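The chains carry the letters A, B and C, assigned in the order they are written, with residues numbered from 1 in each.
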């Protein structure tokens, strides 16, 4: 086979590169003043065969495309750390302490509505899973924590979660005392007042 | 120089081919999992140097583009890029050669007021950006060129601006006051007359 | 591309510009009048001066300012004869140039600041700078331009970065949140914390007992039980004071005690009621 003219190869290369659509050899040839482009196409395809970009023919039209083994480079995931919202942390805590638990039960305990998206975030994080349905009227979905939850929070089992008594001792569970301590300025409840002050 | 890893070269090639915008080495590296991409860029640029497509650096960002000598083949179907007014061309040149520069400084060189729309056109084209304010009384806005400006005009850096070295050596980028002082050995202080001359 | 300024309609005699080939083709000047009508084509008097200087076809550094002044003034005069409306800045420049010319031609006044030579040199420097930037702009526009002469890839696949959230929370956040929820929604029971008080009954008993042994006015504070300050809650002492004061009022009401206070906030004194007298 004759080596195609180098200038023609370059012209074909540039034209296909700049083209917004794949081109047939006829279109290319017309664009390049009637030059016979097929040898140039073959030469280019051979040149690009081992590279990160390939020159390929699809249905009689030629175009450049990323080498198939590098297609994964076209999509990349980037992790972004993001803190859970308060609602999500509360829902997670309720699920952890009460599992398995339905959304209605979570809402009853939280005292406010819980958006569907809140539970989705917890499932996306991999900490909460659907644990079936409660066999009551309406058969609500029930939620439970996952092994990833235990792993993330450094717990061996759910029993490692501090109990109600410990929470109270830590001042995390006593709004009346907390309010009193805040009013009298005594030091007893400064930790508790923080949670007590939240609504 | 060490030959960069062939897989990395292919990955850089594929990523730059696929990217819709020029990429900095840092962006490329982040996309490719932190690999050091500069040797790969140099190797690719050398490989493409004689081809119909070139790998070029413009303002720290890299992209592939068609070889300039093939312009005649590619230009015909393309519409002309925006035609700039004379005022806009002058303002662009003044910003590029003097940046960062305030509107008053542009006007001092051009000898006429610069319509607000002139700078807007340059900013809309993506060639000029607001580069902050000059810390002098009135804190005027100052303007500078963008990487897109360098890309559009085929400049690797501002040092490639045509004739910039000669202009600087001839003092033609210095303000009139400084040039006058340099010529006469006088102090730059007596310079208020410059603006006085216009009024 | 009209930028809102006076649209550059092309300079007259544009082939004398050489580098200004990026301009729209100049309308061919057919005569004086056509030429002068092109006044709009200049971007101000400095631009006109630069054009006139270029017509001298010498290096701007060697330009004769006097010739240039003459040309400019001739130009403005001609335009006036043709009754063309001239923008004020052209006339101001003309006046200034006429003044400069007179200074350059008249005998020197050595005291004059700035000297006419300085003024002329500054004008020349300005023209050089404008000329340099005009040429730079033309050279810039003549480069291989992206989208006109060179092209980026026509149909890039695009690279996309999917952002994936990595949610973070600490165990303490979870526990604290649970405590918060429980606390928030527990049935509210108001419990007054038990605290040391000196009851009114105790105060009544103590004040009436001590009143019996007192012989004259005594400060109320002397009726209070003595607490060890180091070990006693100060609130107990305040409680005792309050209870004792109320006890004193009560005893006075019952006619068993007399109260006296010499001034506002002064010490409250009391003594046992003298028989037959009232408080």
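In this text, a residue touches a chain if its C-beta (ideal position, glycine included) is under 8 Å from a C-beta of that chain, and two chains touch if they have at least 3 such contacts.
Quick caveat: nothing in here was measured; it's all calculated off a predicted structure.
J.: State the chain with the largest centre-to-centre distance from subunit C, centres being mean CA positions.
T.: Of all chains, A has its centre farthest from that of subunit C.
J.: Based on C-beta pairs in contact, work out which chain pair has the most and send it over.
T.: Here the largest contact count links B-C.
J.: I'd like to verify one number: the distance from the centre of subunit A to the centre of subunit C, where each centre is the average of its C-alpha atoms, in whole angstrom.
T.: 38
J.: Nearest whole angstrom, what separates the Cα centre of subunit B from the Cα centre of subunit C?
T.: One centre to the other, that is 30 Å.
J.: Where the centres are mean C-alpha positions, what is the separation of subunit A from subunit B, in Å?
T.: 38
J.: Would you please write down the residue numbers of subunit C that are in contact with two or more other chains?
T.: 151-153, 157-159, 161
J.: Where in subunit A do residues touch two or more of the other chains?
T.: 14, 17-18, 64, 66, 73-74, 76
J.: Write out the stretch or stretches of subunit A touching subunit C in their complex.
T.: Subunit A residues touching subunit C: 14, 17-21, 63-66, 73-84, 86, 88-90, 92-94, 96-97, 109-111, 121, 124-125, 127, 153-155, 161-162, 164, 167, 170, 172-178, 180, 195-196, 198-199.
J.: Going by the contact rule set out above, which residues of subunit C touch subunit B in the complex?
T.: 1-5, 7-8, 22-23, 43-47, 89, 92-93, 96, 113-114, 118-119, 121-123, 125-126, 128-130, 132-141, 143-153, 156-159, 161
J.: Which bits of subunit C are touching subunit A when the two form their complex?
T.: 151-155, 157-171, 173-186, 188-191, 193
J.: Help me check something: in the complex, which residues belonging to subunit B touch subunit A?
T.: Where subunit B meets subunit A, its residues are 9-15, 17-18, 31-32, 51-53, 64, 66-67, 70, 73-74.
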